[in-house]
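Common to both upcoming complexes is chain A, partnered first by chain B, then by chain C.
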Partner chain A sequence: MSGVADATTTTRPSWMTASGIRTLVREHPMVPLVGLLALLVALSEVIRPGIVSPNWAGVLLRGAVPLAILAACQTITMLTAGIDLSVGAVASMSGFLVATLVGDTGLVLAIVIALAVSALVGLVNGIGAGVFKVHPLIMTLGMSLVVLGLANVWQVMRVQTGSGVPTEFRQLGANLFFGFIPVNLLLFVPLALLVIFTLNRTGFGRLLYAIGDNPVASRLSGAKSWQVLAVLYLISGVLAGIAGFLFSGLTNTASVTLADSALLPSVAAAVIGGTSIFGGRGTYSGTIIGALILTVISSILSSLGYPEAVRQILFGSMIVFVAAAYTRITTD
Partner chain B sequence: MTDSPPLVEMKNMNVTFGGVHAVEDVSIDLRPGEILGLVGGNGAGKSTLIKTLSGAQKPDSGQIFINGNPATIDNPRDAKALGVETIYQTLALAENIDAPGNMFLGRELVTRLGTLDDSAMEDASRRVMGRLNPKFENFKTPVTSLSGGQRQSVAIARAVHFNARILIMDEPTAALGPAETEQVRELMRQLKREGIGIILISHDIHDVFDLSDRISVMLQGRLVGTVNREDVTMDEVLAMIIVGKQPGELTSTDLADLHG
Partner chain C sequence: MTRGTTQHLLDASGVSKRYGAVVALKSASLRVLPGEVHALMGANGAGKSTLVKILTGAVRPDEGVIEVRGTQRRSHSPAEARRAGLVSVYQEPALIPDLDIDSNLRLTGTPINPFRDWVNQLGLDALDLTRMAREVPLASLRIIDLARALAIEPDVLMLDEMTAALPANLSERVLDVINGMRGGDRSIVFISHRMIEIASVCDRATVLREGETVGVVDMDDVDAEDRIVELMLGEIAEELSDNGVRKGAPERGSDGGPRIEVRGLAASERLRDVSFELYPGEVLGVIALEGQGQDELFDILSGSIRPVDGQVLVDGKKVSFRHPADAIQEGIVFVPADRAEALLMQRPVRDNIALPFSVRLRRWGPIRRSTEKPKVDKAIDRLQIEMRAQGEVRFLSGGNQQKVTIARWLAGGVQTMLCFDPTRGIDIRTKHQIYPLLRELAAAGAAILLYTSELSEIELACDRAIVIFGGEVVAEIDAADADEGTLLRAAHNLKSDALLPEEIVASAHSGGSASEDPGEVDG
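== the complex of A and B ==
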């Protein structure tokens, strides 16, 4: 194509220059994200012609939804310059609790108990981070071990037969309407809208951005940041608990380590989606695209026959690379 | 001046850190519509003294009266409730949030549904800003892209909107260029016209001399004295800051020393 050679000699459009790309990423972060997603879908089609179909898209979307919910936990906590590393353990525990309780208590009570425990773990995280000023990284990492340990104790106490995952969870987490619309969207779409609405349109959301942006300013302006953090991590815990239902339904498995492998991707999805780990900047819509991008990459890797380890290496590298790139782009 | 009680009266304030007497028996007062310059070298105790008024530091002893009434100020929230607002050197703005968002940070206006009322916040910001700095137009951009003077305007507008009667300004022009400094000075004159009392802490003796009605000088934790700006020369104030002598006590040797 001769056009490529011409492009260097003629005046480039503004988005092709370094500063143009910077402005684009800074002011319209969704454009490059959606572009990358489209590129990856196209790449999937190139690698396996004919693979892109409504069913393929539905299956990917179905897998991206629980990841996107866990990534919501990372997004909202990262806005305050925090992080929630307990989401993997909480999600596993929540799915496991329901599976082990449902036979005795019925579905509704089992769900209530699982979410209450998830909320409690989140509240402890929030109080640790907000009141006792333990860094969220340490606080939530510690709590993830506590949760895993308690789940193990619970596992020993309950003798389990079968997977125990309730049929309702399997239908919600794994089924597709008409073979291509994931049923879990029924839960996810309202949830995602609620998260986006809270971040953009409520005082609580505004404070999350402000606390991550300038904690001193928020304190001096009279905001009680410990209360905000306590509520924030509680919400994060509940979201992780909900994601656990979908994970257990999707895989028809209840295990105390089920969602552990989703922890790193949940951080990656938020970071790739443009949420700054230093706080104050990010959107949940970006994170959702980030989760989709990771899911498509996973699918490409597995269709090429690469093992799980390759995926881990790639995701880890992407977090580092993207975080570094965003820092360069958004600071002058 | 008038018979009305001073806006602020701080009597016999003492603050110690371990064995160090950071503020020793200092009394100052501030009247409505007045700018009181508070000057002194590094470590003179002026910031510590003022922190007892803004609620950031507890005094060991001393009394604070606001509008003639004894006041207990234990934290910044108490100070705000009494109409005392501090404009910090670092301005304390959230960089990625716009001017109205910053003005209402932690005190957001909401609609009946409980959602943020951005248009009401912008209107209120425009009203206050129209009074203070009519040229300000950047209501939709994050404050990180504003100039130093504009950011100063946002911080001051926030204080004024929430009915501050007493403003503490700590080095308000330290980081600004000449044009911006003039903008902030104009802002302070406007606040004065509205009857707000300002305590101006500054290293810049020119700033203090141009703007203040009275000047309080501190040296090594003690108050050297408070003088009317009209009664003194800049040299006399410098002498108070450096050698701690009242204008009347100055000798020609002291003055000669000052100028090296």
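== the complex of A and C ==
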């Protein structure tokens, strides 16, 4: 592979290694991902000796959780060869709604309203993609603008009456137990297990993979893809709404563009975690590792004092590189 | 060892290729002399397609030496292989649908005049180069693909199941052209499941079995065909002869009514007016030349498209399907010809078989393994699907893939099954598993509609057969009288004394020129 001079005489071993790596990555995709994560953690320690500590890990994990939830939206929609670009707008909107409503309605009702609106946006996405066959990329991009616009209208209508991010969200999103276990894991762990269970052990999960792998075969087997997509995007909307609560709690801000900057990293996390944009291939556990990898890289860059631009360049290159690598491994 | 460098035009030896745990080729060799038409034969999964893809640079081998005219070639891309003189025409036409034929030719740098000559020789004189590739019928596209390959004058031309989807008149022309190239300084590697074609145009045959070259047969030998079958089948040859297909009398349902009744069905321009009845307990054959409306008939019955006119009755009740799910609801399941349309290629065998269990809304919840697994296992067992590699379906051989498409419906129990050419491009062994299976299903009370492009299957698997020509049912034939000649004449809507395509081919080979072409290209 890498310019070995006597490549011709050592063809067989080099082939065996390359093929061995391929088989490993194809059959146990988590091994190289966890390896990469460990490598990055080690790199952090080398760059700033002594930095790796329980508290450091807790802070990173706390930041990775809302990203991982948004990336769940991308994973489940990408399995059907779709994508959900409205998650940034929906998450911001849902956090903002709760912050502006909580003073009048109380926390529980504010949460219910925010999740209902998120679900409605998702359902519209799903009906557009499933019934009217608008490409999910266009459908969700359009809806993200609609949501942003509506959130702005809401902002103007409702001159802030002193209410802000509820304390409960700040505790859930920003606190650490014993200084190193993020409280948001209380929400995230059951949620992640539910997503993984749904993908692997339910009929709905099976249909997601099936529709992404071969829509024609799924149809001939009797699957009605519009039903699946409507429910899928609805779930994606609800997940984005939940992520919005954590984002607003983590940053203690309520803004209609709060989670926008997390949109592309959420796609990146899914792609790095091995989910194929062409559908039918991917796991949520891979995506979670992908989100952790991105968070560790961000931390390394900020500890080195590099500006935001460097992070963007690095993330962008990584997505392209990883997507190319996966294509080589999974085709042939 | 004769390694005469000038002797062989193409000399490939020790070629191997693995896909993960699956060995596609172990140690394949292929030696082709200048001017010969060389058959490459083997059951499905024997490695024919892989070997051709390696020779044409589409797939990289793990090991092996490939020499063309005595010089070693390393083909890492189809373009390099083409420069080395190795060109292949694959089963699927390789034209860009949204470009016209002319642009497609320019794109691949095909010389136009030789292309024209070849197209004419192949019987497509009326070809309009400004037509979009997507508007050209499949059979014509394959002829265009072949003409394009011939026009660039490759040293070795590889034809993978070239005649499989061609109507009889076109496949004669193709065979004529191939025959005409014998004795020149170029060679053809010919892959086909049709023994009669192999016997008529090939000089020698290399036989692959389980990824290995197991023998080379001279087609002039008296017992060449028997030897090929022997080599292809290996030790299972005897098993097959015992496995004769036994037919019982059709047991019609207790009330005697048909499962499906079709009345005056019409759709698009090809399906005009088809009526017939399908009874429980029978296998009803459908015979038709390419494009006589049989595709539309099956699509309507399976709920994929809606008819323009006519009625479908299931158990005496009028039905109108809006989605395949509606047909499945009525117990009508469909096995399409194209495995790429039926399978989830990146999913494991079990998920492919279990898919229909999960499609209905109330089955979206947790998968009940305890009830699902025994059914899936039973279907896998019954069809003897190769489960050695637990991996993705795309790594299975064509025959095993086809079994998966059938097993999917067996797992849930079959009431009515529509099979559209289920044995196209499949090895003999798998075929001989599929016919008895269809008979068993019928004996257990299922109704089966079987379209097949291989006429010999009618006698083996069916109780009776209907013949569709020009979008209408023109004949009904009892399987007992369904010898290939009768069927072929009926399919052409010919009188019983008309000359058959194979006889025309035969007369062409015995020196007579096939100047009189009985048909013309449709479309």
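Annotations for the structure displayed:
In this section, the second predicted complex is superposed on the first by the 313 of 332 C-alpha atoms of A that agree within 3 Å, B and C clash if a C-alpha of one lies under 4 Å from a C-alpha of the other, contacts with A are read in each partner's own complex, and residues count from 1 in each chain.
Convention: contacts are C-beta pairs under 8 Å (C-beta built on N, C-alpha and C of every residue); 3 or more make two chains touch, one makes a residue touch a chain.
Keep in mind the model is a prediction, meaning the values are calculated, not measured.
Bringing the complexes onto one copy of chain A puts chain B in a clash with chain C. In the superposed pair of complexes, A:Asp260 makes contact with neither chain B nor chain C. In the superposition on chain A, no contact is made by A:Glu168 with either chain B or chain C.
In the overlay built on the shared chain, the residue A:Gln227 is in contact with chain C alone; chain B does not reach it.
Between chain B and chain C, it is C that contacts the larger number of residues in chain A.
By the touch criterion defined above, A:Arg26 lies against chain C but remains apart from chain B after alignment on the C-alpha atoms of chain A. When the two structures are aligned on the shared chain, A:Glu45 is found in touch with neither chain B nor chain C. In the superposition on chain A, chain A positions 197, 201-203, 206-207, 209-210, 213-214, 216-223, 280-281 are in contact with chain B in one complex as well as with chain C in the other. The part of chain A that touches chain B in the complex is made up of residues 197, 200-203, 205-207, 209-210, 213-214, 216-223, 280-281.
Chain B makes touch with chain A in their complex at residues 76-77, 80, 86, 88, 90-97, 101-102, 105-108, 110, 114-116, 158. The part of chain A that touches chain C in the complex is made up of residues 12, 15, 19, 23, 26-27, 197, 201-204, 206-207, 209-210, 213-214, 216-224, 227, 231, 280-281, 332. For chain C in complex with chain A, the residues that touch the partner chain are 18-20, 59, 62-63, 302, 304, 323-325, 328-329, 334, 336, 340-347, 351, 354-361, 363-367, 408.
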